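Both of the next two complexes hold chain A, though its partner changes from chain B to chain C.
Our next item is the complex of A and B:
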């Protein structure tokens, strides 16, 4: 029963104008993203080669990751070249080429961005009328009268509709990768392939959430027009408004001093200490404690923001995809600690009048990346299960009677 | 056999749509339910199909309770709505194939589908045409083909001749008679008094949720159904 309905759904979608439109959009955007992001990666790779540190040079040079094609994330932070000749002052050399100011205005056009924004919209557009269209035109009643169960109809629609959405995304992504492989001979190690497959899985899970949400809305409202409107409202809310609102609230809640104010107070404190005859050592310790307290407070708020953000599907997906690509928050933490260690080593070597040691940084292994993403995975799964379960309840109570009869 | 016992339906807004309906339709019989809009005809069909639950009473089809075992009961029921809506991007044959497969019949050949579509007098060239451009009459014919292919012992029809041209309605009546001859129990609601008299074995009149009259074909041959119907409708 489920397979029969799924097959019907697939055939119906493939024959629709909506599918042609979505196929053109997804193929165009995903291929463009693949090629555009690869060009950036290639340029940054050349820069990395140019900036290779010579023996004894205090240079922290991290190779860019190919997986930034999939999720750019914090690649600007973790994948760059830093000159530490004047440590602790640092000079960042390798930033994203070309130095286009519009990079700041608009988000990076990586594959995760396309999936997050366009994927969610396409998933909703294939689900928003799945139930209510058939309910309002009478085919739902005909299906039920023919012997289909409501649960079977829901699962059939889910299987059929989601297969089409998955096809729309996976086909261009793998086609783009194949093209890159053929045209540019990109090195695909087993680890990279595993990460790409997991990224694809994460993207499908995210799209599944939105497809289930669309099914829920379509089972809740009686007309496709109203359902579409509500779907667009949810899309805007979950993708754009809610994550920005969370970070804005976090900013409001964070009662930390600004860096300028903090520096000013430290300067004033130093002058006061000198006038009161306190020792430099004592004042230094006090300032160090203040800095540590400030860092701790900042970390607390970052952590809190991340925890709240992960409850939203869009943000959970960003967290998951960037962690899988090795450009996420988890990677940033290990990058910072590696950099701190290196700065200390460079200063120590300079004091000893020795050559600066070479910088070493290893990206986190896949297992660690997955471990850091557990909350995001659970959050996405919870969204999908809750939406699907609610869609089942809504369909169970769906009034399949035709409009005229309903007015009785 | 279709059996309705003590069936009542009161909607959430308090309207009593059905009031203690008792009825049996035997195999090889056409029962035609007449009544004004809102009399409760379609509500009865909706309860039989488990689209809405009854407030009281029960419907059994071949001895199976329609509300307790809604999936099982659908094996014994075929349904034709007033306005058959199909999948516009599918052809007539594909629509027929889909609904037939939902009814559990998978081993049907393309020729058998074509034969069924010929039987309901759908033009040959329309078999493999998308139904989105079909007229209401053509869609209704595909709907009847779905009923025929399912071959269930009980057939429910909700105003099947409504909106059909005279030829379409006459063809439908002929098909109904064929189904009766094939021993189907047929329950149909209609406004068409004249055709009801022509094909029904028994005619019932519903008013404000109550079955106020049932007469057999033999009884109706002696009487004027139109006058009886209007008398009931005018009565307070």
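Our next item is the complex of A and C:
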């Protein structure tokens, strides 16, 4: 019976106007994203080549990763540059704000952004009326009368509806990658392929969460319109508001100083150093210690906030996809550690009047990326299971009679 | 007749649960975001207070001519209305490069503000409320009755639009009242009359924005026969307008005007500085060997050679910086025009300008800061000349007494200035309104009510 219902669902969706529109939207948006992000990656690569360290220069610049196509994440922030010409006053330079103010005004249009926002919306739009429309049409009562179990109906709708949503996303993504491969001859190693497949799996898990959430809302409300509005409310709340509120609250609670204030305090301290009888060396060491203390404080804040954020599906997906692409917080932390070691090495070299060593950094292997994503994966799975189980309970209590009479 | 249709529609809509959900969503989400931003803003104000005190103590303590000009630039107070819209203030007014210790979560999970919440919820609510206004009436058969009573189609359209707009205005007004109450209770900052004027202007701007999406919904409704189809189309159109269209011009602008990255400019400038310092050091080396004081070295160094080195450096620096800056400005211009094609982007850009956290406002402050820096530099030079007159052997690292320095504070942008920044997005929104009304009217004139 489940298979029959699933087949009916697939056929209905494939022939619907909704599918045609969603297919056009997903195909267009995902292909545009692939192309746009690849061009951005190329630009970043060119930039990296131009900014490579010359002999004697202490620069901690790292090449971009091709996987930033999937999740840009902290790519701009991780490949940063350190300049230590003025050692022992360690000078750390970060990314300069873009000259074009609109560069960062709207979010980066990577594939994860498309899946996180548009994908979730499409998944909800395919699930919001799965139960309540059948209820209001009276077909739910007919299905039950024909011997279908409520659990069977739910699973059939899940299998049918979700396979259509998966098709809508996977097909354009792989088509886009194939086109990029043909047009730009992208070298795809086994590791990159494995990461792409894992990213696809993570995206499907995320879409599955929202599809189950849509089913749950559909089983709770009697009219499709109300169900749609509630779905949209949850979508806005889970994707935009909750992550932002969590970071704001954490920021205020931990009372972290703004980077501008921190930098200003350092300058002030340098200025006062001479009058307070501190030598340049002492002041340099003091500032280095302060920087380390602040970075530890920041990492602690990041760690704590991430623990809460990972409980939200949108934020968990961002964490998971950026970790898989090697552009996440874990990667940045390891870049940061490498940079700290490098600073030490450069200072030691300067003290011995030697040339600065070159910076080397290897991105984390897939196993480490997966390890740092375990919480996000478990969180997404828990959301999916909880939503599906609740949808089952709601459908079990769904009164098919009253609505049918009301509609008629 | 418009009045009758308006009254009936208004009553229907205000009693509709869709309006209830829309208003609840707007007020709930708006309140959460305002409370969160208020707390953030208070912290930003505390940070600013400390920065200002340090800056002032730095200058009071005396600055030598040798020291960098950093402290001569006044820090910018967080804009009072930045708790409504974060805007571009942070990226434009950053006095330091973003440090590696910067919070990575702010990049991954950018904070939402009231303007963004309004942009998303109002557009969605407007489209969902209006997408079945025509086709929904056809499904129930009431539109035939209206047509049979010789009601003009333009009257039907205008009556419905007006009722929908008043309904949405009620929700938006409710949000603005709740936000004003939250600001009154939390008191994150003291608002001036200009800020309250901007708040009112933002309300009106939001109504025009809502009207744009209402017109779009009416057009979709008049283009379809079934309300289900209209709702699905409305959702898809909304997704494209809100999430896809604003993001694309950035890539397109980069393709049309490829510019070197700020990191490249920064590294190139540092390399040029290194070259310059090495050249200057070569000149000073023989004098340094004679163990001369700073003042003696300054007097005996080949000034023409020094000037040549500096000129060469400035020329090379300009060659690196200017093309990147000019191309980025062209990119910005392309973005600004192209992003207006999305009413959502136009609303966000206009909203940031009216709240004083947009590009125009940032440029206004930059002008003020540069002027202030120039005044202080001239003042320091004058003090240095006075010191040299008194003590010809004075070193360039001697702290100068700057207690009588010229002081002035940035008064913020006047309301008219902010409104001027909003003019272009407003114009685009009005054009969209007229365009979609004409399209909806044209479709509705040919609509088969049977």
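In this text, the second predicted complex is superposed on the first by the 333 of 408 C-alpha atoms of A that agree within 3 Å, B and C clash if a C-alpha of one lies under 4 Å from a C-alpha of the other, contacts with A are read in each partner's own complex, and residues count from 1 in each chain.
In this section, a residue touches a chain if its C-beta (ideal position, glycine included) is under 8 Å from a C-beta of that chain, and two chains touch if they have at least 3 such contacts.
Just so it is clear, the model here is predicted, and its values are computed rather than measured.
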Touched partner set for A:184, first chain B, second chain C, both or neither: neither
First (chain B), second (chain C), both or neither touched by A:146: first
Which of chain B and chain C A:137 touches, first, second, both or neither: first
Touching partner for A:389 - first (chain B), second (chain C), both, neither: neither
Which superposed partner A:121 touches (first chain B, second chain C, both, neither): second
Partner chain(s) touched by A:332 [first = chain B, second = chain C, both, neither]: second
In the superposition, chain B vs chain C on chain A residues touched: C
Complex contacts: residues of chain B adjacent to chain A: 11, 15, 17, 38, 40, 42-43, 46, 49-52, 71, 74-75, 77-79, 81-87, 89-90, 94, 98-99, 101-104, 143, 146, 150, 156
Chain C-facing residues of chain A, complex: 17-18, 21-22, 25, 29, 32, 36, 39-40, 43, 47, 50-51, 54, 57, 59, 73-74, 76-77, 80-83, 85, 92-109, 113, 117-118, 121, 125, 224-226, 228-230, 232-233, 236-237, 240-241, 243-249, 251-252, 255-265, 267-268, 271-272, 275, 291, 294-295, 298, 301-302, 305-306, 309, 315, 318-319, 322, 328-329, 332, 336, 339
Touch list for chain A against partner chain B, complex: 1, 4-5, 8, 11-12, 15-16, 137-139, 141-149, 399-402, 404-405, 408
Residue numbers on chain C that touch chain A, as the complex places them: 17-18, 21-22, 25, 29, 32-33, 36-37, 39-40, 42-44, 47, 50-51, 54-55, 57-58, 61, 67, 70-71, 75, 88, 91-92, 94-112, 116-117, 120-121, 124, 128, 228-229, 231-233, 235-236, 239-240, 243-244, 246-251, 253-255, 258-267, 270-271, 274, 324-325, 328-329, 331-332, 335-336, 339, 345, 348-349, 359, 362
